[in-house]
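So the structure is just underneath, and the comments pick up after that.
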Amino acid sequence: MSVETGIAKIETRDLDFYYGPSRALKRVNISCHTNRVTAIIGPSGCGKSTFIRSLNRMNEVVPGTRMEGTILLDGHDIHASDVDVVELRRRVGMVFQKPNPFPKSIFDNIAYGLRINGLKDKRKLENVVERSLRGAALWEEVKDRLGENAFALSGGQQQRLCIARALAVEPEVILFDEPCSAIDPIATAKIEDLIETLEKSYTVVIVTHNMQQAARVSDYTAFMMLGELVEFDVTEKIFTNPANKLTEEYITGRFG
Amino acid sequence: MKKRKWASLKESAIRALFLTCGILAVLVLVGIFATLLTTAVPAFKEIHLSEFLLKKNWDPTSPEKAEYGILSMIVSTLMVTGGALLLAVPIGIGVAAYLSDVAHWRVREIVKPIVEILAGIPSVVVGFLGIVLFGPAIAKIFHIGNGLNAVNGSVLLAIMLLPTIISISEDSLNAVPQAYGEASLALGASQWQTLFRVKVPAALSGIIAACMLGMGRAIGETMTVLMATGNARAFPHGFLSSVRTMTANVAIELGEVPYDTTHYYALFAIGLVLFVMTFIVNLVADVILRKYQEREQ
Amino acid sequence: MKQAKRKKIAQFLGFFLLRACLTLVLAILLLFLYDIGRKGGGTISWEFLSQAPRKGMTEGGIFPAIFGTFLVTLITAILAVPLGMCAAIYLNEYARQGRLTRLIRLSIRNLSGVPSIVYGLFGVILFVNIMRFGTSVLSAGLTLGLMTLPWTITASEEALKTVPNSYREGALALGATKWQSIRTNVLPYAVPGMLTGTVLGLARAAGETAPILFTGAAFFLPYLPKSLGDQFMALPYHLYIMATQHHQIEQVRPIAYGTALVLIVLVLGMNMTAVVIRYRLRRKRR
């Protein structure tokens, strides 16, 4: 399903996903466009996290899972034999539900993605670290203590550090998997601001259980339930005039 | 493109390296079995299998007629093992129950590493203490000439099994859902009744597995019994007689037996019997433990 | 009322019994350590630790045995530690549920139950005969290494399990390959735990006697092994000899006690270091 014309940055076609015998996604069709924020909402267990984790093939890490259907990035199948999953994950960055900084210094956290790709030049690394931290609106807070362990940061700062870490490898798409579920409201507001900035340069997909958040940050919203895509449209329309009765009931808070 | 191919090749090579190390474990196990089997088989050109397992007399160096019956050794092994379990199981369960249910957590934090220390004492040291400490004591208590006999071996083995039995039993007692105990207490049972009528039965399969693992260790233990049981070849007449277990016999004779003789091969046949016995015991323990863990999930 | 009282008495007696069990176990350990410490302590001197046995092993020291145990444990470590770590990495990081994985795990569990004397028999055939290493410190070390392997695998896997999954996922999501994520983001945090676990296994190996009886340990050698092909003296075997095989058994008892003390200090020292470090690591994790 596409709301916008033109070639989608990332698009799923009849995406099915199984954990062992149980089916977590049923023929999901969603397209996400460049410089747009696409939000996925729905009650817990609706498959929204499974969906977003299949976009960078992170689900493959879980044993006993199986996928059917197609996922296209710039029109190319991400499961094609010539696609390197490592390269794919570099192009499609991800920020996880719980901030997961590595137990290294702030600097080393950001530099991680570059170092594993063989970048050793200290000057270049410093440049990228600064640019990424600025991009994640964290630079001013940590510029004097880049050598400190990342665990010393607050939860919200840690999450922005993880965003900066993802930015450092210069991805084209950034996936957010409930990025604010483990942090406080003030930190959440900062991250929401950040997402709006990121929209200008990236394709952003965000999974959230917080409907207000979806309404605030996204251009398009997909509502999922029990592994199925119920409705996908312009965010404003979903929240003011949904076409589907289920969507209406969910956004008015009758269940979830 | 080329770089990527090279990288994925490297990844596969690394994975293969680790896999090889994992498979090595299988190869070692199969290798042990195959080695024992092929070295033991020539012994049975001269010895009947039934004679080997069911005759009491072991006298391979007799000038008239060499005899290769290991029944006395099997019985000796089972005796010291049984004796050890008889002592270690109740005490081990008692300690486990105390640690899991009665003791203050501080006591537990201190006692658990101490029990690990007990597990760390080398078997040769335990055997030595059997000679210098327990032997004279047993001789005095039972009014016998020397204390190197099955009782001594059983006591020492029991001490060596305790850490295994304590730690696995305690783990399985701790794994009993708290709700069981609470339900029992709510019905007016005392803590003691709850412990032995509800928790221990609920953890029974884990405790049995612990005892089986202990049994496997006791059957295979060499130095302790070699040093402390006297090693007489005769068929044992009771716990106060000197006994020679299968392990002790291999340890005593392999050093002086000429290579490529029936005697030599027969010692490997004893090794094979030991391997099979411990393998079965451990497998049963393993099955019990797995089942119990599956039920937990 | 009466019943409640009876219940209370039963509980009191019951707990008393359990406490008695624990006291007994602790008392035995204390008795062991006390006896060896008291009687062995008198023998320990610089001469005892630094010289070779003299006059048919009725005098002198045990230095060759200390050196031999150190050497053989080193060979054990060289074989068992890297192989154990690699196998553990496979099982915890790469292996998927399946027949092969189950078979490997089953083998490891069974290997740790194989009697030590059976490892000795295996070592005689494989290392002494087939590989022609002869009865040597190399054969003995490799035999002990195989015996230690299941312990080092299990210990290493335990350590790998304590590394949170988010470290792995985080690295993969940044475009790290599997091995990169393991090397840079799993191993650095697991290796200290892996090493302490394997030290426990090595301590056990250092105190073992049965596997080295026929693969390389020598009754008496007036000199130190010059190459890996030489036989060697080892503390546990020396204790066995001094306790049971010497022709003047009562006269050499102090030497046996001294050997036992050195062996126990060595093994328990390794053990306790590992246990203490492990407890520290665990606390730090929390």
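Note that the chains take the letters A, B and C in the order they are written out, and that residue 1 is the start of every chain.
Note that in this section contacts are C-beta pairs under 8 Å (C-beta built on N, C-alpha and C of every residue); 3 or more make two chains touch, one makes a residue touch a chain.
Keep in mind it's a predicted model, so treat the numbers as computed, not measured.
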item: Chain whose Cα centroid lies nearest the overall Cα centroid; value: C
item: Top chain pair, ranked by how many C-beta pairs fall in contact; value: B-C
item: Rounded Å distance, chain A centre to chain C centre (Cα mean); value: 48
item: Centroid distance [mean C-alpha coordinates] between chain B and chain A, Å; value: 54
item: Rounded Å distance between chain B and chain C, as computed from the means of their C-alpha atoms; value: 16
item: Per-residue overlap in chain B, given as positions that touch at least 2 other chains; value: 7
item: Junction residues of chain A - those touching two or more other chains; value: 86-87
item: In chain C, residues with contacts to at least two other chains; value: 177
item: Sites on chain B touched by chain C in the complex; value: 7, 10-11, 14-15, 17-19, 21-26, 28-29, 31-32, 35-36, 39, 90-91, 94-95, 97-99, 102-103, 111, 113-118, 120-129, 131-133, 159, 162, 166, 190-193, 195-196, 213, 216-217, 219-223, 226-227, 247, 250-251, 254-255, 267-268, 271, 274-275, 278-279, 281-283, 286
item: Contact set on chain C toward chain B in their complex; value: 7-8, 10-11, 14-15, 17-22, 24-26, 28-29, 31-32, 35-36, 83, 86-87, 89-91, 93-95, 100, 103-104, 106-111, 113-122, 124-126, 146, 149-150, 153, 177-179, 200, 203-204, 206-210, 213-214, 236-237, 239-240, 243-244, 253, 256-257, 260, 263-264, 267-268, 271-272, 275, 279
item: Contacting residues of chain A [partner chain C, same complex]; value: 56, 58, 61, 63-64, 86-87, 89-90, 93-94, 96, 98, 100-103, 112-113, 115-117, 162, 165-166, 169
item: Residues of chain A defined as touching chain B within the complex; value: 84, 86-87
item: Chain A contact footprint on chain C (complex, rising order); value: 96-97, 164, 166-177, 180, 184-185, 189
